[in-house]
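Please go over the structures that come below.
You will see chain A twice below: alongside chain B first, and alongside chain C after that.
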Partner chain A sequence: MDLFLERLISGLTNGSIYALLALALVVVFRGTGTLNFAQGELALFTTFVAWWLTTQSLPIWFAIAAALGVGFIMGALIERLLIRPVAKRNDMAVLIVALGLFTGLNSLAGLLWGSETKIMPSPFPNGESDFISIGGARLYGDALGVWGALIGLMGLMTLLFRFTKVGLHMRAVADNATSATLAGVRTSRILAIGWGLSGAIGALAGVLVTPLAPQQLSLTTMFSIFIAASAAALFGGLDSLVGAVVGGLVIGVLEAMLTGYVSVIGGSLQQTSALLIIVVILFAKPTGLFGTTKLVRV
Partner chain B sequence: MKRFLRVVSAAALPALVLGACGSGSGTDTGSTEAGSTGGAASAAASVVNADNCADPEGVKAPITGTLKVGWSAPTSGPLADAVGNVIEGMRARFAVENAKGGIGGVRLEVVVKDDAFNPERAKTNVGELIQKEGVHVLETFGSGQVDAIADDQNDACVPLLFAQASVPAYRDIAKFPWTTEYLPSADVEMGVVVEGLKKKYPNGAKIALAANQTESGQGIANGLKKAIEGTNFTIAAEAPLTDPRTAASSLKSSGAEILVNAGVTTDCLALTQAIGRVGWKPDTVIQPSNCADGATLYAPAGDAADGQQILRWLKDPANAAFADDAAVKEYLQQSAANGADSPTNSYTVNGWAIADLMVDDFTRAAKLEGGLSRLTIMQAARTQDYQPPMFIDGISFTMSPTQAYGVLAFQPFTWKAADKAFAVGGDVIDISSQYDK
Partner chain C sequence: MLGANGAGKTTTMQAIAGLMSWRGSIELDGRPLPRRPEQVVRSGVSLVPQGRGTLGALTVLENLRVGAAVRTDAAGVSADIDRWCEVFPVLGRRSRQTAGTLSGGEQQMLAVARALMSRPRLLLCDEPSLGLAPIVVQELFATLARINETDGTAMLIVEQNAELAMDLASTVYLLDVGTIAASGTPADFRADDAVRTAYLGY
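Take a look at the complex of A and B:
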């Protein structure tokens, strides 16, 4: 039983990591209809910023707050300076810009901080004795912290979209930007806020997950996490916050169980197997489990 | 056709080698003494010759003026720092040799082309290095790179020396006579690991094996399985390292006394943290030799890493155990004086040691019949038996016309969490007698 619980906790923790980044993807998609391929590398870059600040003897929570700020500003600037000019042409141009940012941000991080692995401190207790025992399995402080951050972020995002003017405007712009503009919504400002928010969420994901990542903080840390987060967002329907969280957790738990109980395929095909199951689900429900079906007036 | 001819010529190898050995001139241990290498070189000549090369005269042509070593390496991307240090170490060592007059007046030069760790770019680079730059020797970093360039450089008969890879296929002298690898074979490393375990567990023990699913990880795992054949050691459980935490919980339940990490560098810290998190403290934990950096791979794990073992073949200039070593002192002074920014970095030490091996090889080649040429360089490489000063005492790089393993001995080191440093964990374990020299 304790082995099952160990695997479940491991899967839920990995799943929470995927879900955090998937939330950032959903926020951008809801605003622009674009899957931001640079999201993982933006998160990586801001995590490097946080790590660098900790090396300057600044407190970890200050470093995280600064990384969130940098993430927000970078996200907004990317939308304003790179995405908006090309978005008017076609969606493919946005995709190409995002791919360019993917490699560009990674290279810039390497140039500024080098390619050697760094150790990012955790803001949560993660010593050998910092755990609570659940049925013989250990739940450590940093894993609990990631779970808590996910729940808190989910709550904040729900409040933002449901009960604030900015959230209402974001939903309006995502639904129909032209109509929103005619109704007096400052679309460009809302789009910049959307990208900024996703940058900040990505930064939070980066600084929380890096201490738990096998690669620690290196230029490759976000590759596999981004792939799983994209799958989680797709699984949930790309425009659903709940869907992103459910998708992330499902992928995390599936991976852990496949690796633990079906090691024949889980070893080398862990991620592939999990993604295959999702493809099957998407065949049955192409908009994802929680995605909105678009109605087009003809 | 050329490959076929090489294979046919190699088929006659055993008889020729036996003949050479019969004349009482096997591999020497003082390989810089040209006189003692004549017999071995003639044996090597049976493995490596210019007969099947496209330009036999060019292969035998004496090298004058400058000897160019052409690198295809990832000088951009995530590995840029690491490989940059290797190249710095090599350049520093060559600068020392050039200051002494080079190899009989021939200066050594390093030419680098970036492949961004992309094997296809490495293949293009090697074509340019051979045809445009006219390099005499090639060097590269990564198994995929060797895979991409080995056929071309063997067809062109340009030596690829001490490639930073450990792919079993390229230790086949008959198929790849112009290729040698520097990194130790996983079979040899695991052979040494099991020899060490036999001393600690004379009655055998249960081993838990955490294996990365890459070629490197599987090579180590298979090496361990081969090495325990016929012993009292058994694999109690094996788990993939895809998710270190899941692997740790699975392996813990096996009750094994020994944990062997058949992983790549990124697995070292992750597995240590994972076993700490599931509350498992195996009696012995063996990490692979590629997990050499204490500051980033052991220290962050705290007490969970205490007592973990690793095998080394190089002296660590940052380790107090080598503080009084004359070769280390000389290395630190000379490398820093010749432009190496990070002389204590293990990659810089590797670059310096490889350059040392090349200098030994070129020096011996220059004394062979025909003088310094691509052919004699390769013949000398096939008979090298040399201990670079930065190799741990008692460990040498040994090649013969019948084996291409290079490193056949290691010294165990143990991580001390309290000191945040490795300490010597035992004497050098040499299994060269198990291999045909």
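Take a look at the complex of A and C:
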């Protein structure tokens, strides 16, 4: 029982990270209809920024706040300078730019900070004894912190989309960019804000996951996490925030259970199980489990 | 603005609204209009596009609030929302329903109300009567006439039903292959036999 609980806890924690990065993907997809392949590497880059700031003996919380800021600015700049000019041409061009960014950001991080593994400090208490016992299972401080971050972010996003003008305009642009612009919405500013927001959310996912990840902070840290996050976003149909969160948690828990209980699936097959989940969902329901088939009256 | 299918009515409207690039000049009150849609709205021109273009996933209320994107007077915006929900009672009744689930006629009301939310000096309506029951069209046109009278909002309306349009309009323009073939008061139009037989078909 306590083993089951421990696997559940670890699954929910990894799942929360997938959910965070999936939220970043969904925010961009809803605005621009693009799956941002560079999202994981942008998160990696901003995490390196946070790590570097901690090595300058700056407090971890400051480093995280700065990484979020850098993530926002980089996201917005990427939209304005790289995505928008090609978006007018076609979707394939956007995809290729995103793939270019994917390798570009990774190489840039390698160039600036080297390829050896870094130890990213955790913002939460994560010592051997920082846990509370639940039914014999240990719930560590950093797991609780990650859950809290996810819940907090969901709360903030709900407030943003429900109660603010910017949030309303983001939803309007996602629904129909031409109609929004005819109503006077500054579409280009809204798109840049959307990419910036997703850059900041990605940065949050990055700084939270690296202290927990088995390979810590290295140039390959985000690959598997990005794959799981894409699966989570797809699970929700790419345009549903709730779907992305549920998807992230389901994939995290499934992974933990599969690797825990099915002995043939070693740690190295985790990614494959996530991919398998994507394929099964796409077979069963091409719009994802939460995807909206838009209601249109003609 | 009258004209056969393909005469260029929608093209004209879209050019004014900034949805396409154009050469020459478009002026309002003697001042040139900007070329980007959101700036055109800011200078007081609002378009109800052909086929409505409401935001289907957003509620009626949210659609109206998006219509006020260029405004910063929160109290005035709320007052206007109340006003249009009274003028178009169906919007008040369905304020929390998503726009995509409204009927065609209801969506047309919403599109007009949303365009009015920016408090335009000039309202452009591209075939607002398309697909509406005749009685609903009459109601809509009566409402537009009232708003024109009380608020002084200028209106440029594309309409296929020439008789209906001429009952409402003070000036009629007839478009033919991208140029104005004839213009004048409805009375002029009705009196001109050549125009009547060539374009109005009676």
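One rule holds for everything that comes next: the second predicted complex is superposed on the first by the 285 of 298 C-alpha atoms of A that agree within 3 Å, B and C clash if a C-alpha of one lies under 4 Å from a C-alpha of the other, contacts with A are read in each partner's own complex, and residues count from 1 in each chain.
The definition used in the following text is that a residue touches a chain if its C-beta (ideal position, glycine included) is under 8 Å from a C-beta of that chain, and two chains touch if they have at least 3 such contacts.
All values reported here derive from a predicted model rather than from experimental measurement.
Considering only touches as defined above, state whether A:Leu249 meets chain B (first), chain C (second), both or neither.
Once the two structures are laid over each other on A, A:Leu249 reaches no partner at all.
So, A:Ala180: does it touch chain B (first), chain C (second), both, or neither?
second
Report for A:Pro214: first if it touches chain B alone, second if chain C alone, otherwise both or neither.
Once the two structures are laid over each other on A, A:Pro214 reaches chain B alone.
Output check: A:Ala233 vs chain B and chain C. Expected answer is one of first, second, both, neither. What do you get?
Neither: A:Ala233 stays clear of chain B and chain C.
Between chain B (first) and chain C (second), which does A:Ser10 come into contact with in this model arrangement: first, second, both, or neither?
First partner only.
One more residue to check, A:His169. First (chain B), second (chain C), both or neither?
Second partner only.
Quick check on the complex: what are the chain B residues that touch chain A?
Residue positions touching the partner: 76-82, 211, 213, 238-240, 242-247, 249-250, 253, 266-267, 269-270, 276-279, 296, 300, 302-304.
Quick check: in the complex, which residue numbers of chain C touch chain A?
17, 19, 37-38, 41-42, 46-47, 49, 53-58, 62, 65-67, 69-70, 98, 100-104, 107, 114-115, 117-118
Would you pull the chain A residues touching chain B in the complex into a rising list?
Going through chain A, the ones touching chain B are 3, 6-7, 10, 13-14, 107, 110, 114-119, 127-128, 131, 138, 140, 214-216, 218-220, 255-256, 259-260, 263, 266-268, 270-271.
With touch defined as at the start, can you tell me which chain A residues reach chain C in the complex?
165, 168-169, 171-172, 174-176, 178-187, 292, 294-297
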